[in-house]
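Here is the structure we will look at.
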Amino acid sequence: MTTSTSLVYLIALPLAGAALLLLGGRRTDKWGHLLATGLSASSFGVGAYQLLQMLGRSAEERPVSQKLFEWIHVGNFNVDAGLLLDQLSICFVLLITGVGTLIHIYSISYMSHDPDRRRFFAFLNLFIAAMLLLVLGDSYLNLYVGWEGVGLASYLLIGFWNQKPAYATASKKAFVMNRVGDMGLSFAIMIAFATMGTVSFTGVAEHAHHTSEAALTGMGIMLLVAAAGKSAQFPLQAWLGDAMAGPTPVSALIHAATMVTAGVYLITRSNFVFDAAPTAQLLVVIVGAITLMFGALIGTAKDDIKKALAASTMSQIGYMILAAGLGPVGYAFAIMHLLTHGFFKAGMFLGAGSVMHGMNDEVNMRKYGALRKFMPITFATFGLGYLAILGVPPFAGFYSKDMIIETAFNAGGVKGIILGCVTLIGAGITAFYMTRVIILTFTGTKRWDEDAHPHESPWLMWLPMAILAIGSVTSGFLLSRGDALVNWLHPLFAHHGEHEELLKPIVVSGLALTMVAIGIAVAFLKYSRNEVAHVAPENVSVFTKIARQDLMQDRFNEAIFMRPGQALTATLVATDNAVIDGTVRGIGQMAMGSGSALRGIQNGFVRSYAALILVGAVALVAAIWVVVQ
Amino acid sequence: MKWLTILMVLPLLGAAMISTLSKANEKAAKQLALATTLIVMAATIAMAVGFQRDNIDLQFVEKYSWIPSFGINFALGVDAIALVLILMSTILAPIVILAGWNEAHGGRWSVKTFYILILVLETMMIGVFAATDVFLFYVIFEAMLIPVYFLIGGYGTGERAAAAVKFLIYSLVGGLLMLASIIALYVMSGAQGGHTFDISELSKLTMSSTTQNLLFLGFFIAFAIKAPVWPFHTWLPDAAKAATPGTSVLLLGVLDKVGTYGMIRYCLTLFPEASKTFTPIILVLAVISIIYGAFLAIGAKDIKRLIAYTSISHFGFITMGIFAMTTQGHSGAILYMFNHGFSTAALFLVAGWMISRRGSSTIADFGGLQRVTPIMAWTFFVAGMSSLALPGLSSFVSEFLVLVGTFTRYPVHAIIATFGIVLAALYILIPVQRALHGPTTPGNETLSDLNLREKIAIAPVIAIIVVLGFYPAPLLKVINPAASHVISQMGFTDPAPTNGDK
Amino acid sequence: MLQLALEVGQTAKPEAVMFWILGPLAVVASLAILLVKKAVHSAILMAFVMIILAVFYIAQDAAFLGIVQIVVYTGAVMMLFLFILMLVGVDSSDSLTETIRGLRPIAITAAIGFGGLMISLLGHATLGRQALGLSAANADGNVQALAQLLFSTYVWPFEVVSALLITAALGAMVLAHHQRTIIRPTQRQLSINRFRGESLGTAAGLPGPGVYARHNAVDVPALLPDGTPSAESVNATLSARGDMLDYKKFDLSEINTKVEEEK
Amino acid sequence: MDASNYLYVSALLFTIGAVGVVVRRNAIVVFMCIELMLNAANLSFVTFSRINGDLDGQVMAFFTMVVAACEVVVGLAIIVTIYRSRRSASVDDASLLKR
Amino acid sequence: MTFTAPVLSYALLSPMLILLGGALIGVLVEAFVSKALRPAVQLTLTLGSILLSFMQLWRIRGEQSLTAAMGSVVFDGPAALLQGSILIIAFISVFLIADTENFTALAAALPGSDEERHALQSGNQVTEVYPLTLFAVSGMLLFPVANDLITLFVALEMLSLPLYLMAGLSRRRRLASQESALKYFLLGAFSSAFFLFGAAYLYGFSSSISFSGIREAIVGGGGNDVLLLIGIAFLSIGLLFKVGAVPFHAWSPDVYQGAPTPVTAFMAAATKVAAFGAMLRIYYTVFANAQWSWTPVLSGIAIVTMLLGSLVAIAQRDVKRMLAYSSIAHAGFLLSGVIALNKAGLDATIFYLLAYGIATVGAFAVVTLVRDSSGEVTDLNRWRGLGKRSPFAATTFALFLLAFAGIPMTSGFIGKFSIFSAAYESGAKGVVIAGVLSSAIAAFFYIRVIVLMFFTDATEDGTSVEIPSILTRATVIIAAVITVALGVYPAPLLNFITDLAIFIR
């Protein structure tokens, strides 16, 4: 393995930016955003440089590592602060820094009226640094630092406008649910250390094959829990919708392109664990499939443009998780979809931000309509992203999503058929709700409020959108040309035997396109032909109602965790006071009480005292009598 | 050089100098106290530099005959554990004084008395960790209650008298149980080759397992009250609520550590067999403390009580780490003691500033502080993050070590304890949301942000929290030999990787 | 039973007779001390018991003690008791009903228990050596032998007891002796005071109350020749207690003292 | 005759004296009962002296008498003082101090 | 019949003789010195005698003799230590007695009468308390050195009679004071009767009234033990009464409360030393071989005493009564030293006696300082906020309380530690556990008083603290210094005690 001394700059640059802006205070208000953007860009530069270096080496020589310093060495628990850049992480590095830099640029304008813009950029930089640490850490524990770091940054950014209590609550919810996932990661690390005596990726990879399946299954499940928390997968998905409280660039960066894909990274990175633990792998697939449908269904009912996109994100990540769960054959496709998704979803989020920017921060799509004329660039970039997500050839989604559907069908047996159908239906629903978004937002009649004056966003905002749109169009083709990404990642994953194909690729593409067409058609029929109500109609089916309420996920959490938790807290508080403290007080009062009672002996009469002495004497004599007898 | 004696005498000298000042000269008293503690801190650091970290023997040993007829010596010496805790105490002292510059003003007595008490307390804090004679330890262990008692009762707020009494009674009861055990040890040492209180001599005593168990309990309950471990904890929230922030820092940050320190130094060393016997029960208590403390923190309405309950949870982790009997658990616990001192200090000091500005310690009275007093709000936030053991901050390293060390031997306990980290997120973020976020509520609009003195006071604490989060190696290198020494003396070796028993 | 079987020679039989008459008497008399109402009767009974004890002492070769018992104890100490009883009120008789709840049953139970157990225990006691008489010890006479002991072996307590006696005397003095805090004036001094005082106005003695007064009561001040009331004429104790009527209102100076001649 | 019979009388007198202290209210009678107890003890001394065949017991009894005399002086002085202050010689009336 | 003149070793008796001489001169002073001069003369005389006596004691501290007074008195190391302790305590107690505010002006005067008022106005003083004190002190010196039952009984009465009298001499609340004298006297005499009865049976058992004779009889055995057991039991009642052990304790709260505070201080501290001194000698030398018979009973009494004393003290509202119950609890602690029956127990008990005695005098001295216009204020509720008004009084009182509670760095802690470890060494674990438990209970009420003084605000009526007389202040300071010194560096005294405390038989 090659060592390098420059990996640290990937992280250090944005981290320095964050530190400088946070500690520098108001003094850095003027140029802080520029510095942050510059640092993010230079980090991208370092990443690009590393890629070039990597390309120049043979496949085995490509991974680069750097040991920074001794971190935790206790007994046989030895973890250094070390970085590892290999073919997998470089994809992420470039995605994070690339998309991240674009979003920095976008935010310069988007946040220009916010008095706390500097702080926003500090947090963005902090996020970039944490996310880079997540993907660069050479051990689970290093990853864990980045893992929680992005959680923190996400919390800070979701709650950026925390003067609104709802936003503050949303950020707290995100953090807490993420922590549940983090707990899973902790367990996974503990299992790794207890069974294999190491927590580094290379170490675990070495030991995995001679470790019992039970332990690996446990570790895998715990990793899945972690992934579910971070990537908003079932059952820890509830926070993502609320996380849209943050400024839109945040949603684009964190909740579309980068952080939420960390789960996919984790599972892919831990391929050696999952490959040896089929049960865990199956669970991954199931979680992915459920979330895929779950997100898609929610997406159909959302009127809030960002929440609709968030639901879509959830669903798309479901695709990735599903793919990752399919084993060696799926990892590369998961990553590919992750990358293409990073482009088109970020682009669409930025588009949504642009719309909101022009519409006084209105998010309800029912109050949009006919924005195509007022925001042509936004419409164009958003539209390209739309085509990409639908999987229309030759846009990016077509390459990545079709591969996943195909792999799903090829998973074999009933499992393959079920998974294939789920992914297909998902694609159809995706087409439906995305078309709905397009129709409600950009076409039809205007349904704006009086004071809305839609206008196109400044160039600083549309430029990143445009770049991302280009990515949405081309990335799929580029990555799959000659199986570029698959081959690139190939050395990292176990080799897989050829599956017999259930369906020919062309058939899968046909089926997928058919489903997409159906979805689009239904959406057109439903929304384009009828006048869209200004307010969401109430006379809808039960399913719609449930879908509007995010399929009852919050109610479920409330009923199962929150209420019992609150009740337990209240009970414990009462118990602490009444039982534990009460026992202590009771002992005190008992002493007091017996003291007062015994005072009664001292009644002031000398004759009683004499009687007491006499009784004492009798007792002594009686004792003697007993002894003598 | 008689480092430890010098360290113990310096604060007393300061106290003596302060006592000569006139009552009106409050400023001089403060400055003198600050200067004294700074000198002590410098001296401690100078001493620590000379510490040989690979030497597991006691260092800087001093021994003077004190009460020869009972075999009692004024014997001092430190190993890594003691050194780390002394270092923590002496660093915290000047910070507490600087941070609580004005907290003596609401007291029953003069400002001067406050600082005399603080300095006397500092002497005892050093002594209690440095003592290598059980009797000397006990004397300081008990005697240090008195200054704290007066600090709480005389300078606290609210139900300060009741809280001080509760604190004192709890501690005294625990202390008396320990005294009974010490007497038994003393008598046994007399029967087995001469009266002594030397800890290393006492650890060689032979005794029946029943005796050992009983004596262990005497010590352990005293330490469990001090630490505090569930269910001996109810004094702490009251005391912490009533005490001034500075006192609370010393109380939770230093004094309570005497409990966990005592578990390592006395329970494990003197009664290895009994420690093993009771380990299952103690681990359960520790786990209960972790979860229970967290739930009560979530339910707390008063910010100081909240912090106190979080400490109960944290002390649960420390206790668990100690009795997990692995090097990771042990080192983690020791490191946790050090880190907890600073993260609690940060929380309490900032909470104290918030409370003194707002005039209330009820969480619901705050709101939107982040907009009004950003620096104060953010320091509180960082302190809170440290309390919930965010990776990258110091507590994470120790908490994770404890968990991983426990998991290798007691997976179930570790798993339950890990749920504490989710609860930690709740108990920190709930007050953060209520107090710092949301719209600025009435009564909070005109609060002033941290002034320069306060910034100077809190900066080193935050710095230590962050630096040790990323680079705990210097401390761990000091702690590790001592921790593994204790473990190996107990006859334990770390569980080897099982590979899942394949 | 104590294995005493003491040979008391020829006196055996008379002593037994004496014991069986006086022993029960002593017990009955002492019981009566508890039961009689008047303290004086108790004292008389007490003296009676003491005398019986003196007889017992003499019967047991303790002649000196027997005499001392009568002379000192009965004669002096009991008389002191009687004397004090006189002081306190010889006629007073106590009610024997118990006022402290539960005390009497406790006392009776304790008494029966105590007495019963003691007697039972004495029944079990053995000495383990030969019981001796005092014939040998008293060979030179009881008093001589005692003196020998008192002035040699027990000289130190004997000396120290003197301190006890002084203490007793001192104590009685402290509690009972009324030291004069004001020197009582002598007749001569009184006379001097009367005639060498500032005025001779009172030389003839103070007026008695009620003299010339409007009322003939002890709390009404006398009127002086000029019609003014005299405060001195009323007993000081009455004035101190505030029982004296306001003398001002008896002042005649305000009304016309000139008596109209009857025409 | 068996000298131990005196011991029985002594024990009875002692018991009666002790009960008298408890049941009688007049301070002087109470005190007399104490004297009865002392006399009972003296009787034991004299009896034991005879049994043991030495005079130490008689010396002790003699000292007891002397000491009792002193005690009587002090005790009666106290009783008289109390009587003068309270106009009552009942020990039950002196119960200001309690609990 | 020949008479051999007795031989007394005056050097060894001189501490007592000096005091008795001083007392006799004091009586003469009462008779012949003018009233105005008497207080000063008596005070000087008393302090001089005690000092002289102590100096003499210091000179003879190393001596040992069984025949100092024809076998009536034994002089050895423990004797020197106990006598020295009594003299030290007496010395600082006399400082308190010298405060004119404590004693009645005229004991014979009726409370509230004209005569009393005149006596008060004329500045009359009952200077007889000085010789009475000296008599009591000499009785106390004799009590632990007595070597036969006669001397023991005489000493017992000699220390008691003056105390009975002095208890009734209070200046304020005279009815209560006289009542306490009556109670003390009646119960004291009652217990003396038991003591005497027990002595009779011991004599019956052993045919000897000297301690050595009794011990030989116990060692030698003979008949059965009925007489011995009765003797031990009843003799113990007399001794336990003096130290205030349950159930023979009932007098002490009432008497402590009613007596003039200096007398209470003197009585509480010095009597305990004397009585425990005698107990130590009797149980360690005379009854040692009958250990099986009395240790269980005495352990039971010790446990009950500790617990009851501590428990009832919690419920007290009067500071003197509280201290009385505390002293009952301490009697229990001290009994555990007697039970120990080993060298460590002897050393510990002697140390404890001195430490406790001095702290007790100090505590009561502070009580005399807290006054309002009508005299001492002993109601605890009116001690609120004392720390504010009188830091000196409150701080020193707190120190003494902490010493009673056995907090480290005070003499009380060393005492408690040494006495419990001795008891534990002898196997009396139950006593130690009860001791620890009752210490915990006791801590509660000591701390309550500290809270009252320091942490609560004064009530309206504001108890004023009189500027203490120099002598009272001296007592408080001396007691405080010794209490701290013995807590911080007890080694010299402990060594001294260890070297000296060996009973001779």
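We call the chains A, B, C, D and E, going by the order they appear; numbering starts again at 1 in every chain.
What we mean here is this: contacts are C-beta pairs under 8 Å (C-beta built on N, C-alpha and C of every residue); 3 or more make two chains touch, one makes a residue touch a chain.
Keep in mind that this is a model prediction, so the values were computed, not measured.
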Given chain C and chain D, the chains that contact each of them: A, E
Label of the chain whose CA centroid is most distant from the centroid of chain E: A
Among all chain pairs, the one with the most C-beta contacts: C-D
Most central chain, judged by mean C-alpha position against the global CA mean: B
Chain C and chain E: spacing of chain centres that average the CA atoms, whole Å: 30
Where chain A and chain D are represented by their mean Cα positions, the distance between them in whole Å: 96
For chain A paired with chain C, centre-to-centre distance based on mean C-alpha positions, whole Å: 102
Intercentroid distance (Cα basis), chain B paired with chain A, Å: 37
Touching two or more other chains - residues of chain D: 7, 14, 17-19, 21-23, 25, 30-31, 47, 49, 51-54, 56, 59, 63, 67, 70-71, 74, 77-79, 81, 91-92, 94-99
Where chain B touches two or more other chains, by residue: 169
Chain C residues counted as touching two or more neighbouring chains: 100, 103, 106-107, 110, 114, 118, 121-122, 124, 127, 154, 157, 161, 164, 167-168, 171, 175-176
Inter-chain touch pairs (all): A-B, A-C, A-D, A-E, B-E, C-D, C-E, D-E
Chain C to chain E touching residues, read off their complex: 3, 118, 121-122, 124-129, 140, 144, 148, 151-157, 160-161, 163-164, 166-168, 170-171, 173-179, 181-182
Chain E residues within the chain B interface of the complex: 347, 387-388, 402, 405, 407-409, 413-414, 416-418, 420-421, 424-425, 432-433, 436-437, 439-440, 443-444, 447-448, 451, 454-456, 489-491, 494-495, 498
In the complex with chain A, residue positions of chain B that touch it: 169-170, 231, 233-234, 292, 295-296, 298-300, 326-328, 331-332, 368, 370-371, 378, 385, 390-392, 396-397, 400-401, 403-405, 407-408, 411, 414-415, 418-419, 421-422, 424-426, 429-430, 432-433, 436-440, 470-473, 476-477, 480, 483-484, 494-502
Contacting residues of chain E [partner chain A, same complex]: 182-183, 186-187, 190-191, 194, 224-226, 229-230, 233-234, 236-237, 241, 247-248, 250-251, 253-254, 293, 297, 308, 311-316, 441, 444
Complex contact set, residues of chain E against chain D: 107-108, 110-111, 149-150, 153-154, 157, 161, 164-165, 168, 174-176, 178-183, 185-186, 189-190, 192-194, 196-197, 199-201, 203-204, 207-209, 253-254, 257-258, 321
